[in-house]
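Quick one: this structure, given as structure tokens, is what I'll be asking you about.
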Amino acid sequence: MTYRLFGTSTTRRSVLAGGAAATGMLAAPGILHAAGKTVKVGVVHPVTGFLQFSGTQCRYGAQAAIEEINASGGIKALDGAMIEAVLGDAQSKAEIGASEVEKFESEGVSAIVGAYSSGISLATTQAAAKYGIPHIVDVGVNDKIVGRDLDNTFRFGPGFGVITKTGIQSLIDLNEAAGNPAKTCVIVHENTTPFGSYMAGLMKDGLEPAGFEVLEILPHPTPNKDFRNIALKIKELNPDVVIPSHYYNEGVLFLRTLQRQRVSPKVIYSVLGGASSQYRFVNEFEDAAQGVMDCNHWFDPSNKAALALKDKTEADGKTYSYEVFLAYTAMKFLADGMERAASPDRKAIIDALAVSEWDGHFMPYGPTKMENGQNMAAVPLVTQVSGEDINVIAPAEYAQAKAKFG
Amino acid sequence: MSDTLRITGWVVLAALGIAAPFLISSGRWLEFIELTLFVAVLGQAWNILGGYGGQYSFGHAVFFGTGAYVQALLQFRFGFSPWLALPFAIASGAGVGAMIGYLSFRYGLRGSYFALITLAFAEAFRVLARSIVSVTEGGRGVSLPLNQDSGEVWTTLQFTFAEPFLRHAGYYYMILTVLILAYIAVWRMERSRFGAQLISVRENEDAAAALGVDAFRVKMKAICLSGMIAAAAGVYYVQKYLFVDPEIAYGPAKSVEALVAPIIGGLGTVIGPLLGAAFLHSIGEVAKEAIGALIGPRPGLDLILYGMILVLVLGYLPRGLAGLLDSAWRRLGGGR
Amino acid sequence: MDFLGLPSYSWETVLGSAISGVFLGSVYALVALGLTLIYGVLHIINFAHGAMLMLAMYAVFFLWSALGIDPYLALLIVVPAGFVFGYALQRGVIGRFSHGRDEITLLVTLGIAIMIENGALFAFSATERQVQVPYDFDGIDFGVTFAVWPEIAALAGSLVVTLALWLFMTRTDMGHAIQAVAKERRGAELVGIDVEHIYGVTFGIGAACVAVAACLLAPTYAVSPQFGYLFVLIAFTVVVLGGMGSFVGALVGGFLIGITEQLGRLYLGESLGLITISAIFILVLLFRPTGLFGQASG
């Protein structure tokens, strides 16, 4: 089967597989060395549009990882090839994200890291699957992303299923340890994107069997400009625990509104709380943040590399948020996969990632264990704000401080 | 321009469109054209009502989004085949058009009042889609299963894992088909009694009514046709990306894309939306590449350039790109 | 309120919600005042309104963070700057490139919005910025709800701006000229009014109103390049409800929408409750397109 490509005859299959074939050639001994010693990685995030803040944070994290890898000699198994980032902007739209993947394909990338949001990640992983490009999802907590049997798709961090489960269990444990002071709760969650929307139902289903009474579930849109009503409802319902789950801006406004309205529940225990475990929030609004607990993506607090990245991030004028360290780790995971594959070939990288047991990261996951593209070892941690610090309070093996509960 | 010449031009354009996947092996550039065609379809939908009918809508996402949701939900909830869902999705565009049109035109809303009510409807649908979780899945969105069996390509109407040629060009041909059908519809409309009546309503509704044109009926027909075409774009979107949520469906992005292309390209012309979409998409890409090459990736800068070019084109080409083509043709001695 | 399956709340909560609606409404009114003026006089839908608000918020933020200027003191700088910016924008860009056609004006303001928004992204990054004032958590206790000083200032500000605009339009020559242009552009031209200048001044005042809103909103809201979207649709709703071009209408409309929204969100939930805004918008357009205080026009 042939057709004409601007005058030259070529088989359709060979054109379609062009990118893969070219990289396949790189893998051949001898040619590799001559090929300029770079391996291209597509980095796609929504750096403009309504997700621009998180997208930019992710891009920064991924680039920080690349800088570090290149500074320490590149991918050693590839003769010290440098990682060359091909940057893409999804403009906060799924279709633009997918078209960036087409661009990556034409540039012959070996792998892709991205794309922050669940909606965009669904589109980019699917487009990458078309060409067999390995795709590491950095954030995208929707479990559907890794539930589609796409063998090119990997997520190193936890999805909301695991996060919610851990969140519920830790809350129950903390409550028990404190002598069960908390019996009632109110869930406040964003309902505009998948993460908050799924969370609320899972939380309710998990908390009620454990003896908690869920007084009310209060969904709100993102963005949301006013939390006074929610504060009033919480005041009237007077729950022992308030469980918020939303993005940074709403997180800040919510906690400040509670403070402004003189509403102080015994416990604020958020799950993926947006602001509750963000250094910037704690720095700017220490009072509003005091005592707030959060079950969220978090690094191993005793790991020096995690703290070194924190220093570097802050020196660059950025805040050290979950987007930064998740994208950073996703890129490191990929680099390790390329070392294991000892090849820039996409298929070889996929195979290496699928059986990866990488443990050289600073997340509290231990050795990697991929099942259908999901790292089964990935878990969140629970933190609490105390003074100017954010301390891990659960699980015990990572805890820096004892929880102040109630 | 004579009709034969115009028709020849269209046939050549259509032939190029059909041949494109054979000429262009790069997925990147085919995708580029595909997205252009997608916007051109949305733009043509808007153009029927806005360009020919003079009723500017700020909320065309309401039609696109409803088509997308119906196509997705019928498959998701009731296990409909995409082919069976398709007519319902397209009819839903007409249905929403009929509802909005009936209310607005019955109460005589024109100009900015009509624009604002379409904006309000799009927002109302967004709130409903987000809030009525039991029907729409709310903010978690509707996600369709991805078919990975190349034998099921036609039954699932998904081309991501088809054999190589369809994988390359399946979705491209899908949107091209929608585009060709929509453009033929508009081409025929332009030459029909209905088209003439629609234009007369745009030029002067009272005068048209005095001449016996039933302005209400004409506008209703236009908004229903417009809604159907926008809904068809929604069907394509869902079949390709297999995901829709309230923001994608009813957010302002699609409403804006739908109206910018025809205004830039040339209001009330068949080719306008296509020209506008191609131009906007190209300057977007050029701006991105140029900025990227000159100062590296700095988010935002390319869109500043895009905004500037948009304003300048509006300032210097008030009749749109189709107007430019037309005067260039006349200057070449074509004339009418 | 047990009927209709609506949740029942104590009267304290309902009253508190209504009062918070008044404060929220004052914010809406502040944003809508500039928009209604521009709409009423120039008859254009200004897509760049939200972007202008965002830009003014950045100005307030940087005056505070770089020079330590309190956001209320910043009024003295940001408001005149807003006027100059608006005047220049109308005369230099919108008036020049729009050819007096509605659809082009609309797209020109859209283009300006894209430029301002991405200019802010480029220059200031996507990070949200928040002004912090020492009196942020003090205020008046109404028993059922608490109002902090920044909220009270916004309420007072909305009243003062409405009064000032009304006095300006009815007591000054410039105000009379603006009214003349709004009513009868041709006629105003014939009696020797410089219509382009009047348009510029109107847009300038509209932008100055936006600047006032920015100063009063800054202690409560964090600003990011996307900030404008939060208020644009509601501002249009307020303008239509109040009657295009009516300041009192914008003020009353702001309060009405604020209260309705808060009560709607209380009873229908924070998400579905927002449907009350769209519903009011649609109903007013259908049944009373001139709004509460608007004059019938073509």
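Going in written order, the chains are labelled A, B and C, and every chain counts its residues from 1.
Everything that follows uses one rule, which is that contacts are C-beta pairs under 8 Å (C-beta built on N, C-alpha and C of every residue); 3 or more make two chains touch, one makes a residue touch a chain.
What you see is a predicted model; the values in this text were computed from it and never measured.
Chains that touch both chain A and chain B: C.
Looking at B-C and A-C side by side, the one with more C-beta contacts is B-C. Chain centre most remote from that of chain C: A (centre = mean of CA atoms).
The distance from the centre of chain A to the centre of chain C, with each centre set as the mean of the Cα atoms, comes to 37 Å. Rounded to whole angstrom, the centroid-to-centroid distance between chain B and chain C, based on C-alpha atoms, equals 32 Å. In chain C, the positions touching at least two other chains are 118, 121, 126, 225, 229, 269, 271, 274. Multi-chain contact residues of chain B, defined as those touching 2 or more other chains: 127, 130-131, 299-300, 303. In chain A, the positions touching at least two other chains are 47-48, 50, 52, 56, 191, 219, 221.
Of all residues in chain B, only 50, 56, 58, 103-104, 107, 109, 111-113, 115-117, 119-121, 123-124, 127-128, 130-132, 252, 256, 259-260, 263-264, 267, 298-301, 303-304, 306-308, 310-312, 314-315, 318 touch chain C in the complex they form. Listed in rising order, the residues of chain A touching chain B in the complex are 1, 3-6, 10, 12-13, 15-16, 18, 47-48, 50, 52, 56, 87, 89, 93-95, 98-99, 102-103, 105-106, 119, 122-123, 126-127, 129-131, 142, 144, 148-150, 190-194, 196-198, 219, 221.
Interface residues of chain B, counted against chain A in their complex, comprise 22-23, 25-32, 35, 38, 127, 130-131, 133, 137-141, 143, 145-146, 148, 160-161, 164-165, 167-168, 237, 240-243, 245-248, 253, 288, 297, 299-300, 303. Here chain C touches chain A in the complex through residues 9-10, 12-13, 16-17, 20, 23-24, 118, 121, 125-128, 130, 132, 136-137, 139, 141, 145-146, 148, 221-222, 224-226, 229-231, 262, 265-266, 269-271, 274, going by the rule given at the top.
Residues 47-48, 50, 52-53, 55-56, 191, 218-221, 223-226, 228-230, 232-233, 235-236, 248-249, 252-253, 259-262, 284-285, 287, 319 of chain A are the ones touching chain C in the complex.
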